[in-house]
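First the structure, then my questions, so here it is.
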Amino acid sequence: MQLERNAFIGCDSDYENSHIVIFGAPFDSTTSYRPGTRFGSRAIRSESYGIETYSPYQDKDLTDYSVYDAGDLELCIGSSELALKQIEDTANEILSDNKIPLMLGGEHLVTLGAVKSVYRKYNDLYIIQFDAHADLRNDYLGVKNSHACVMRRCYELVGEKHIYQFGIRSGEREEFTFAQKHTIMNRFNLDRIDDCVKALKGKNVYLTIDLDVLDPSIFPGTGTPEAGGVSFTELLNAVMKLKELNIVGLDMNELSPPYDASGVSTAVACKLLREILLMML
Amino acid sequence: MQLERNAFIGCDSDYENSHIVIFGAPFDSTTSYRPGTRFGSRAIRSESYGIETYSPYQDKDLTDYSVYDAGDLELCIGSSELALKQIEDTANEILSDNKIPLMLGGEHLVTLGAVKSVYRKYNDLYIIQFDAHADLRNDYLGVKNSHACVMRRCYELVGEKHIYQFGIRSGEREEFTFAQKHTIMNRFNLDRIDDCVKALKGKNVYLTIDLDVLDPSIFPGTGTPEAGGVSFTELLNAVMKLKELNIVGLDMNELSPPYDASGVSTAVACKLLREILLMML
Amino acid sequence: MQLERNAFIGCDSDYENSHIVIFGAPFDSTTSYRPGTRFGSRAIRSESYGIETYSPYQDKDLTDYSVYDAGDLELCIGSSELALKQIEDTANEILSDNKIPLMLGGEHLVTLGAVKSVYRKYNDLYIIQFDAHADLRNDYLGVKNSHACVMRRCYELVGEKHIYQFGIRSGEREEFTFAQKHTIMNRFNLDRIDDCVKALKGKNVYLTIDLDVLDPSIFPGTGTPEAGGVSFTELLNAVMKLKELNIVGLDMNELSPPYDASGVSTAVACKLLREILLMML
Amino acid sequence: MQLERNAFIGCDSDYENSHIVIFGAPFDSTTSYRPGTRFGSRAIRSESYGIETYSPYQDKDLTDYSVYDAGDLELCIGSSELALKQIEDTANEILSDNKIPLMLGGEHLVTLGAVKSVYRKYNDLYIIQFDAHADLRNDYLGVKNSHACVMRRCYELVGEKHIYQFGIRSGEREEFTFAQKHTIMNRFNLDRIDDCVKALKGKNVYLTIDLDVLDPSIFPGTGTPEAGGVSFTELLNAVMKLKELNIVGLDMNELSPPYDASGVSTAVACKLLREILLMML
Amino acid sequence: MQLERNAFIGCDSDYENSHIVIFGAPFDSTTSYRPGTRFGSRAIRSESYGIETYSPYQDKDLTDYSVYDAGDLELCIGSSELALKQIEDTANEILSDNKIPLMLGGEHLVTLGAVKSVYRKYNDLYIIQFDAHADLRNDYLGVKNSHACVMRRCYELVGEKHIYQFGIRSGEREEFTFAQKHTIMNRFNLDRIDDCVKALKGKNVYLTIDLDVLDPSIFPGTGTPEAGGVSFTELLNAVMKLKELNIVGLDMNELSPPYDASGVSTAVACKLLREILLMML
Amino acid sequence: MQLERNAFIGCDSDYENSHIVIFGAPFDSTTSYRPGTRFGSRAIRSESYGIETYSPYQDKDLTDYSVYDAGDLELCIGSSELALKQIEDTANEILSDNKIPLMLGGEHLVTLGAVKSVYRKYNDLYIIQFDAHADLRNDYLGVKNSHACVMRRCYELVGEKHIYQFGIRSGEREEFTFAQKHTIMNRFNLDRIDDCVKALKGKNVYLTIDLDVLDPSIFPGTGTPEAGGVSFTELLNAVMKLKELNIVGLDMNELSPPYDASGVSTAVACKLLREILLMML
C-alpha cells in the first residue's frame, strides 16, 4: 500500500527508463541577504499538483514521457564544501548512467557542484545563464564558495567566453568589467538569445536558470528581487529556442518559498519546469 | 439609526429602481486545489471603499446611476446541488423583475446556476468567457458539477459554438481538442475580441469573467494562478468593447482573499467591477 | 537512486512489518467557515523534519519501532460520499491486515469514514473525542455529512453513551442537550480523563483528536479557533494516560496550514503525533 | 430582496426593540506605533459568523434577545476632534432613546467620545478599565487627544478615584505615580475584581476593555502587544462578575486585523463580545 | 566602537561634505484607507543592503559620491499641523546650508511641508508629480491637510500651471476638472515627459514621487493600489530624463511595508532611490 | 544634523560611560531548519520603540542608566569560522575595556564566539542556559560548529558540571545521556533556578538565553518552536533572580523575524531585554 509518490507532477517513472533525472539541492547557507531557498525544491514538487501535465504552448504532455524525480539530497547546511561534494557525487552517478541531471535549488551556489560533474564528462562545456545578477565576484567577504561568486568559479572551470549571460542587471562595477573580457553578457534582457543558439549549436551546453531573472512582479519569491526583469512569456520563448541545443545538464534555482506569500512564484517555477522538461523531451 | 449599508461602493440604490442587481455566491466546495473564493464577494464589497466611484477611463460616475447590491447568499458549503439551486432561484427572481443579475463568486462552478436561469429566459444564449482555464472537462475525479467542468456543463445547455473563450492557457489535451470542435477558443490572449463583438451583436450574451485570466503578477490572489496571462489594461479594453452587446446576465469570480496578502487582487477586482458596471449602464 | 521517502519522521518502515499505518485524508469540502485542512497531512509530514525522533517525555525513540506512512489519499474534493467511501476502503484494508489505521485529516468529517470501517470490525466500539466543538448537529443547512454533524453520525453507529467528549466549549444549545442524554461530555477541559480511562479499560476504543481542542494561543492554525482551550501539556498528559487502553483506530485532524503563518500549529501537531505514536508503541 | 444584513451575529433586531445598540468607531489616527485598529469593528462583525450564538458558559443564546448593530460610523481619519464629536453625538442619540451604547473601536482614544456622552447623562460615573497600558499621560508629543492619554482625559471628567484599572503592566513612571494618587490601579492581573464589584454595586458604571489586556499569546493582533497579560479565561471570569453592576455604556477596542494573520485575535474578540452581550442581557 | 551607521546604502558621508541630504518623515495620520507608510523610510533604509551601490543603467556608483542620510524625524502622529511644521523646519535647515533635501515618506501629505520650505527659497517653483491619484481635493471629510488634498495645497502655493502631473488614473470627477484648468495633467502614463523636461529647463523644480504611480504588479505595498500603472522601466526612463533639470528638492513616498509581504515593493523603492540619487549626482 | 541613532530604546549613551555594551551578531548559516535569525538583532532594535523605558516590574527606568548599543557586526554568512572569530574579537575589545558584552543573535552558535572570549578572561566560568534544546550534539551531519552542538563546544571549554541548563525539552537520546554526566540539566521547566543561584553565588557566570525556551504560544517567531515551554512570567521571574549573580557576559538569541508575522515575538524579546538590562544595572 503506497498511496502516492513524492515527485514532480508526471515525473514518477522508473529511474532506469528515464532520460532525465530530477533531484533537489536544498541548500542556502551562503545566501547573503534573505535565506529560504532551501525550501525551494520541496515547494516546487508539492505545488506541482496545481498545474496540468499538458502544455498548450508545445502541445505535449509529461505523461507521454519518462522522467524520474529522485527527491531531495540531505545536505549539510553549514558547510558549502560538504554540500557541493554531495551534489557533485549525485550528478556523477546520473551522468555515468547516461542520463541528464536536472537539479532544483536551493541557492545559486549549488550550480557549481553540478557543473563540476558535467565538466568532468564534457570538457568543452558551454554555460547559458539566465540571471538578474552577474555572480562574478572573486569572493564575498573573504569566502570563495558563495552564491555571489558562482559564475566566477564556473568560469575558472570552463574558460574564456564559454559563459553566455542573459538578463543581468545587478552587480558590482568590477563584475561588469570582468564580464566584458571573459564572458558574453547580455544585460537587462534576452535580446541576443538567437545569436547564442546559433553559436552553440552542436556544443555541449549546461543551462542554469536563476529564477530572479524574471521580473519581481511575476516572481516575487526570491531572496534578492531585482526590478526591471524579463516577463514570463519572454523567458518561456527564450527557453523554447534552446530546444535546438545539446543540453547535457541543467538546473533551476533561487525560489524562496518564505517570500512567496501568494504562491505565485512557486506556480511560475512549476510551469516553467514543465515547459523545460517538455522542451528537452 | 443605520450608519452604513453593506454594499459595493455606489451601489446602494433601491432594488425597485435598479436595472442591475449584484449578489454574491460564496461557494468553493469543488475547488480542487487551494480553496478560499468563498470569501471573494465579501472582500470585494468591503474593500470597494478604497476606490473612487468615478472612472477617468469612461468619464462616468457610479453615483449617477442606480445599482442594487443584495448582499451574499447563504449557500450550503458541502452540497453543490443545493448551492446551484439557490443561485438559480435568486437569478430567476431578478430576471423575472426584468433586471440583470450580476453575480460575484465564489468559484467558477457558480456560473452554472446563473446560466441555467438566464438560459431559461433567453433560449438562444451566447456566452463570453474570460479565463485561464478551459473548464471543459467531462468530469473531475468522477464529479460532474465541478469548477473544472463548468463550461462543459454550460455547453450542454447553450449548444455548439455558442461559447467564446478568451485567454485560455491551461487544461488537459482533451479540453483543447473538445474546444476545437465545440466552442470558439482564443488561446493565450484576447486578440480576436473584435471578431467576437461583431459576431454577437444583437444576440443575448452572458458574460463570465474568471479573474485568473489576468496575469498572476497583477492578480495573485486566486486558487490556481497561471503565468502568461493578460494585463489589466488589456482586459479593461476588451471589456469596454462589450458595451455594444446585449448582455443579459454576468458574473465575476475566483478571487481568493486568503492568497491576496497585499490586497492588490481585491483592489483589481473592485476596479474592474466598477468599470464593468459603468460599461453596462 | 531514491534520495528520500516522503514519510513522517521515523515512520519509513515497510508496510509488512508495521503495526501502525499512517495515511492522510486531505479533504475539507464541508468546512463551513475557513477551509484549508486539506493541506494538513501534507504539512505534518514535511514539517516533521523539524522535530526529533526521540521523546524526553517518554524516553522512547521512533527509530526503535516500525511505523509505515502510506502517504495521502487522492480524494474527490466536492463529493463527501465518494471521499468517505475511499477512506473507509483504505481503513478496511489496513484493519484486514491486522494493523492499526492512524488517519491524518483533513476536516473532522473524515473521522466518519474511518469509524465506519473500525466499527465493522469491532462492534462494541467506544470513541474518545478531544474537541472544542460538540459536532453533534443533526444536519448543517440540510447536509448530513458535515464536519458539524460528524459525532452525531458516529453516535448513530456506536450507540448510547459510547462517545466520551472532552474539552467541548462550542455548539448550539441543542447539541449540549443532546450530549446530556446520549454521550458523556466533559465541557471546557479534560478533568475527568481518569474516569474515562477506568471505564474503558479492556474495551475497543477509537480515538479522534480535533486539534482545535487546544487553546488557539498554542494552536492558531485551524478553521474555527475557540479561545479557552486546553494547553499542550494538558493534552499531552491526557494522551499519555490512554496508554492503558486498547486503541484500535485513531485520527488527528483540523490543522489548517493556510492559517498557520508562524508554523507553530504544524510543529505542535508533529510533536503530538510523535508522542501519540510512542504512546501506542 | 435583501440577502443578508451586515450585523454582529445574532444582533439583527430592530433599533426600537433593542436595549443595547452596537456601533463601530473605525478610527486610529493617534496610534503612535502600529496602526490598523480602524479595521477592528468591521472584522469583528464579519468574522462573527465563525462562532455560535449560544454560550455554554452562561447557557444563554443571543437569538433569545434583541440587540441592534447599527454598523460603523464614517469618521474623519486625520482629525481627532471631529471624530470624537461624531462619536459623542452617536452615543447621545442612543442614550436619549434610553438604550445602552456598546462601541467597537478603533483605538482606545474613541472611549473619550463615548464617556463624554455617558457622563453628561450620569454625572456620578465610575469607569472600569481592562488594559495593558495605563493611558494616563498628560500629553503625547504635545497632543492631548491621544490614545496614550485617554484615561487621563476621562479622569478629568469623572474625577478622583472614579477609575478602576486592571491588568496594567506598561506606562511611564509618571503614569504609575499618577495612578497611585488619582485612580485605583490593579497592576499585572485582575485579582481585586471582587473588591471593585463590591464597591461599585448600585453605581453607574462605564466599562472599557482594551483587548491588549489579554496576553499576546491569545491576542497577538494589536498595535502594542505586552507580554505578561491575562488569559482569556481570566478575563471571561472577571467580565462575568460585572453582571451585578449597573453598566450604562461600554466599549471594546484595539483589535488590529493587519496584525492578526491567523485570525485568532478577531475570533477571541467575537467570543468575548458574545459573552459580554449575554452578561448584559 | 561603532559597528554600523543606520543610513541608506552608500549614503554615510558627513553632512558637511554632502550636496544631498536624505531624511525620513514617518507620518501617515491622514491616510484614509490602509495605513502603514509611517514605516516606509525605515524599511527603505534597512532593506537597502539587499541592493548594490553600483548602477549598470547609469554606470555610476554611490560610493563615488557624498550623500548624507540624517535618519528619521520623530513626528507627532495625531497632529498634521505639528508634523508639517517639523518637516518644514528640517527642510529649511538643509536648504539654508545650500543642500538639497530628499525626503522619504510617509504618506503624500508630507510633501506639503517640504514644498513650503522650498517655495520660500525659490519663489518661482515648478512641481513634477508622479502619482496614481490626482490629490487635488479641496478637502477630505472636512479636513484640508489630507493626503488626498496635498497637490491642491501645493497648487495654492506655486500657482497656475506650475504642477506637472503624470500617471494619474484615480480621483473624483471634480479633481480631473480642476486639473484641466489649473495643472498640466498627463493621465494614465508618462508619455509627455519630454515636453515637460523641455518646458522646465532652467526652472527650479521640486520632484515628488508617489510610488503608487507604479503598477501594483511591481509595487503592491501601498495603501491604495491602482491597477493600470506604469512599469518600473518606464518610471526609471522618465526619471533619467530629469537629469537635465534643476531639481532643488524632492521626495519619494507612500511605501507601506505592512502590505509588502514579499518585500518586493521595498526593494523597488530602494533601487529607484539609488537611481534617483545617481541621476542627481 | 542627526535626527536619530539606531540603538535599542534608552541605550544611546556613550561607549566610554557605559558598563554594558550591546552588539548584534546577525548570523544563521548553520541553522538546520528554518533560517532567519540573522534579522533578529535588527528587529529587536527597531521594534524597541514600541515599548517603554520604564519597568513597573522593577520600578526602574533605562533612561536612568548608561548602556551603549554598538549596532550589528557585518558577519560573513557562509563561514562559521570567520564569523565566530569576528564575534570573539568584538567581545575581547569590550572585555578589555572592563565592560560587559551583551550579544544579540542570530542563531545560538554565536554564543561560542562570546564564550571563548569571556572564558579567556575568566577561566573558572559557569554558564546558565535557558533553552528548549540541549544543543549537546557532538556534530551535526559532520559539522562541529553548528547551533545543535554549541553547548557541547562550550562544555569542552568550561568543563564538567559548569553548565546549568533550564527548560530543555528536545534533543537526541544521546544528548540527554550526555547531560546526565556532564552538565546540570533541568528538563521542561525552570523549577530549580533557586538551587542554581545559590550554587553560583560569587562565581563568574555567562548567561545565554535561547528564546525558544519560551512556549511557542508567546514566542512563535523562531526556527524550531517546541511546545510545552515556559511562560513569559516564569522566565521573567527566573531572570530576576539572577540579579544576585556576577554575570560577566550574556546573550539572547534565536528570534527569527520572518516567522513572526504578528510581531509579538519581537515585542517579547524587546521587553525581556529591557528587564535583563535593568536587572543587571
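Descriptive notes on the structure:
Residue numbering begins at 1 within each chain, and the chains themselves are lettered A, B, C, D, E and F in the order written.
Note that in this section contacts are C-beta pairs under 8 Å (C-beta built on N, C-alpha and C of every residue); 3 or more make two chains touch, one makes a residue touch a chain.
Since the model is a prediction, treat every value here as computed from it, not as a measurement.
Traced through touching neighbours, the fewest hops from chain C to chain E number 2.
Residue numbering shows that chain B and chain E use the same positions for less than half of their mutual interface. Superposing the C-alpha atoms of chain C onto those of chain D requires a rotation of 120 degrees, given to the nearest 5. The chain with its C-alpha centre at the largest distance from the centre of chain E is C. Remark: among chain pairs B-D and D-F, D-F carries the greater number of C-beta contacts. Over half of the residue-numbered contact pairs at A-E are shared with one candidate from E-F, A-B or B-D, namely A-B. With centres defined as mean CA coordinates, chain F is found 39 Å away from chain A. The mean-CA centres of chain B and chain F are about 55 angstrom from one another, to the nearest whole unit.
Contact of a single residue of chain A with at least two other chains is seen at positions 34, 74, 215, 217-218, 261-262.
If you check each pair of chains against the touch rule, the ones that pass are A-B, A-C, A-E, A-F, B-C, B-D, B-E, C-D, C-F, D-E, D-F, E-F. Those residues of chain F that touch chain C in the complex are listed here as 33-34, 168-173, 176, 187-188, 215-218, 220-221, 224-228, 259-262.
Looking at the complex, you find that chain C touches chain A at residues 1-6, 15, 21, 23-24, 42, 46, 68, 70-74, 90, 93-94. Of all residues in chain E, only 28-32, 34-36, 38, 74, 76-80, 82, 140-143, 145-146, 258 touch chain D in the complex they form.
If you check the complex, the residues on chain C that touch chain F are 49-52, 54, 56-57, 59, 61, 215, 217-218, 232-233, 236, 261-264, 267-268, 271-272.
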